[in-house]
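In what follows, structures are represented as structure tokens.
Two complexes follow with subunit A in common, the first pairing it with subunit B and the second with subunit C.
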Partner chain A sequence: MSPTPSLEPDMPPPSDPPGGTRTPQVSYRQARPLAGAVFEVGGLSVFYGDHEAVRDVNLSIGHRQITAMIGPSGCGKSTVLRCFNRMNDLIPHARVAGKIHYHSEDLYGREVDPIEVRRRIGMVFQKPNPFPKSIYDNIAYGPRVGGFKGNLDDLVEETLTHAALWDEVKDKLKTSALALSGGQQQRLCIARTIAVQPEVILMDEPCSALDPIATAKIEDLMEKLAEEFTIIVVTHNMQQAARVSHRTAFFTADVDDKGERHGRLIEYDETSRIFSNPSDNRTEDYISGRFG
Partner chain B sequence: MASSVLEHDAPPGVPRLKGRGTPWRERFFRLSLWTSLAVGVIFLAGLLIYVVYEAWPRLDSRIWTNFPDIIDPTNAGAQSAIMGTIWVIAFTALYCLPTGILAAIYLEEYADPERWWNKLIEINIQNLAAVPSIVYGILGLGVISRGLGFGQTVLTASLTLSLLVLPIVIIASREAIRAVPQSIRQASLALGATQWQTIRLQVLPAAVPGMATGSILALSRAIGEAAPLLLLGGLTFITFNPTGVQSQFTVLPIQIFNWISQSRAEFVSLASAAIVILLVILLAMNSLAIWLRNRYARRW
Partner chain C sequence: MSVPQQRPRSASGSPGFLKRSQPRYGEKVIKVLLVAAALVSVLTTVGIVIALVPPTSDFFGEVGLGEFLTGTEWSALFNPPEFGVLPLVGATLLITLIALVVAVPLGLGAAIYLSEYASSRTRTVFKPVLEVLAGIPTVVYGFFALKAITPFLRDNWWFDQPPQIFNALSAGFVMGIMIIPTVASLSEDAMAAVPHALRDGAFALGSSRMQVSTRVVFPAALSGIVAAVVLGISRAIGETMIVAIAAGLRPQLSWNPLEGMQTMTAFIAAAGIGDVPVGSTGYKTIFAVGSLLFVMTLVMNLISIRLVRKYREVYE
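Take a look at the complex of A and B:
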């Protein structure tokens, strides 16, 4: 297995000192055209009670590409992410307005079953959250609740191999998942998600609780999974966004007269453009470390 | 040798690390903590020693092989009360555990805490847990024994005690359900599980040890209750074991109450022996609760 240079954990940050001319030191991943987008988002706003947490987001998510969402804390990127598999439904008083189409079907349509949505659009959380069960049962849980009828043993092996975890855990499938290291737990959570065979994987800061080596392994895995899955990843780590993503969405928050924060999508483009030649000053300031 | 060189080589003027000892306030505070603890433990130990001392002449197998005998206390036993206690508690558990656990699941997982009716239920459960047990006795007598016509039976007693401990079971089960981290529910739902699957397969298994511990402690409170059952009336001299829920019965606290109020000294040691039996049952149940808690304690 030979990771591309862009995946080395000790790669220098992609931005030059402010004001200098940018010479790309990084081989950015080539984004394909957005034709046949998985998600079409238009005029999306999310309210918590009366508070408009995110305002007027427009973007399209490309098929089998990695889309990164970056921005300072409180800019609503996780909120937007949670709209894609209707996890915001679980928050009392959360309300979504605007359009989110999944393969041109309205995700918030009256007849859409959120359970079915979550089987197609999986999610990996910030803190590794394996079930307090065996490694095997963690992987088998999703297929079981979904009424999987095939051979579970084969599915578990296949899934763990797919998630590059099989060799590490094949001798202890029946031991508790909580005995694994943090990085292994997070890769188990990714494996658990792909066991359901979704089309999209949402990742909410998947590496923020991990050390650099574990982070590098997750990034390798993301790159491999992008051959088969569409991935949307929220990250605070700009190098991570630069390393793994094809496209990057930059969010920030406006503060209104009443002191309330409203998340906004500022710029959405190919990752190479966002990190080398952004069109908005705020993006430039953020990625060069001048704020956020 | 090297260490002594180091010790003697401390340069002059370096501050020494000697303190002024533990301040007296600190000592006083610790002493008062110890005293408070000692008061409780000494009283309990004294009580136990006294009861065992009083019961000593009668602490033999006759206490559970023989039946109460008003004429010959030296040969009387408490078998009917022990069996009555077991019957009543078993049926109390049967009625109050499913009800309490289901109510707790509703309140924790389904109820919207901002709706007024849920707030009302919430406040009422807290209040019910604080209602004196004699009030439940009145309820049992008026509604269950006379109103529903169940009479002075095991059924009436179990239902009355179920009502008495139901709020405790609900509160303990809610605590156990709440202790299951939200991240586990989210992980399950994100994999396409329904809410019921999430509760059945993730939340309940993780909450069972906590619910069991709380339920056992609630039942051990029910075992020691005499007041509500006394109100049901006329259950103090029963010389047969219950044969079903329709049976008449007596329980240990009532039997003890009955013997203690007799004037002859033999009855006092008989009562003490019954108290020892009751305490052993209670300690066994509490030990089981502690064992369960430690055995299945989970770190997230």
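Take a look at the complex of A and C:
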């Protein structure tokens, strides 16, 4: 993963060294107990056609905590992430088996409306994908399609302030979001997500297309947002997982005798344990850089 | 099996060893042929415009521009001749409008269905079938209008006055059917080209499929969609056979689609295959009407380019 050239103009030097070069923190974030979990996942498998891409995943996601999902490419962590807001529904031939309960409601129950699900469980993607509309309209999009009745101007300002973007964009709300730098675009996408006032934010490698400075800003934002939102983040960047998350799930892929890869959850624990004293050798090998 | 041995090229040599070792005439020939191919269409267009100019200017030497553009009577080939082009322009506009009322909703609807709703299997079957519609000769559409649509309308008319045998409504309706594939196919291409990441973003914010289609995909594909509609309008304005057969050849200024009327193209066709003496005023009339048609299409294209620049959402 090579950082893209800096896209962030007029940036004051960051107070602490940027993302990739920060020394690993010794103090990990303290995970709270998992009582009253937001998600309960049991025996989750995901199929693409006949291929079982992810097999038998069990985990619980804590309320207002950051859960990181790490692992080598092709281990199914993004696939699992996309189960939480039913984005896999949009992929033809994708099928989900097992249980995902959201506040003890079966997320894949017969009467569950995926649109309703996605308004409560937002998502930020790997590559910033702002709509080719103005900054204002990007934020206003979600509330508008959701039938928001209040004052949109206020909501836009509030949301952008919340996402620490207001000062940078307040004078150009009507200009195209595509004129922003990559890091600003990604923060706009986060802002767009919280404008719908979800409970959970899913992030699929949100920093992988960004330079270290933009990455650091997103990480700061994530920490701030975790006070109000439950965040699940898929990342390739182990330092990022160590820095921001309370709990970490480590995935890897088994190759069966037919040569097919099946993603598996190997270990799920408090981040401090995963990075200091993992119980599985594969986790240890991965975080110490021996494979993956 | 032995690997064929290739002797390494010598890295050094006499001065100028990097010069081309063989002349490549083929490259030049190909380039000339390709330029010629590109020029043919440009030169043809220029040639048509040039050919239109002298008879048109001759015509306006004999008939005033004001009389031509504002007159409401058209009987160019009869005695006494009247050269008011408005009846022809009006008929062209009315029939084109009817065609658009049919083609734009149906064409865009089909495009949105194919691009956003249909499974890939449905799409691969549906789209070629749709495009076959575009391959039906327009004379067939013309007779379909005259022999199927018009009788149907006349037999099942709910209001007072049934349409005449030749009428603008049938012609416009069938013309609309004719341009649906153009509008649908090109619009679908434009919508399919919108990046999937935008749809994902919209779905993740809790949009329904219709909201994704109309609020994200449609605006992002607008320039392509407008281009599709403009191409459809151009085909409608220039369409001759359907209107000549189904709308009749009687020039009259009327906005009643139930009446017969003659469009600009129908006049050109009728006069062109008639026995108008070369060089007569009637003959020059053909070119004058042709020039006006050309100008109208051109202006429409310019306007649509402006509109697209103003409203499209550039996604890359």
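In this section, the second predicted complex is superposed on the first by the 267 of 292 C-alpha atoms of A that agree within 3 Å, B and C clash if a C-alpha of one lies under 4 Å from a C-alpha of the other, contacts with A are read in each partner's own complex, and residues count from 1 in each chain.
Definition applied: a contact is a pair of C-beta atoms (placed from the backbone, for glycine too) under 8 Å apart; a residue touches a chain by one contact, two chains touch by 3 or more.
What you are looking at is a predicted structure, and each value in this text was computed from that prediction instead of being measured.
Once both complexes are superposed on subunit A, the partners subunit B and subunit C clash.
With both structures placed on the common chain, the touch criterion links A:125 to subunit B and to subunit C. Residue contacts after overlaying the shared chain place A:282 against neither subunit B nor subunit C. By the touch criterion defined above, A:196 reaches both subunit B and subunit C.
When the shared chain is aligned, subunit B and subunit C each come close enough to touch A:87. On subunit A, the surface patch touched by subunit B in one complex and by subunit C in the other comprises residues 85, 87, 90, 92, 115-116, 118-119, 122-123, 125, 127, 129-132, 141-142, 145-146, 178, 189, 192-193, 196.
Those residues of subunit B that touch subunit A in the shared complex are 112, 114, 181, 183-184, 186-194, 197, 201-202, 206, 298-300. On subunit C, the positions that touch subunit A within their shared complex are 119-120, 195, 197-208, 211, 215-216, 219-220, 313-315. The part of subunit A that touches subunit C in the complex is made up of residues 85, 87, 90, 92, 115-116, 118-119, 122-123, 125, 127, 129-133, 141-142, 144-146, 176, 178, 189, 192-193, 196. In the complex of the two chains, the subunit A residues touching subunit B come out as 85, 87, 90, 92, 115-116, 118-119, 122-123, 125, 127, 129-132, 141-142, 145-146, 178, 189, 192-193, 196.
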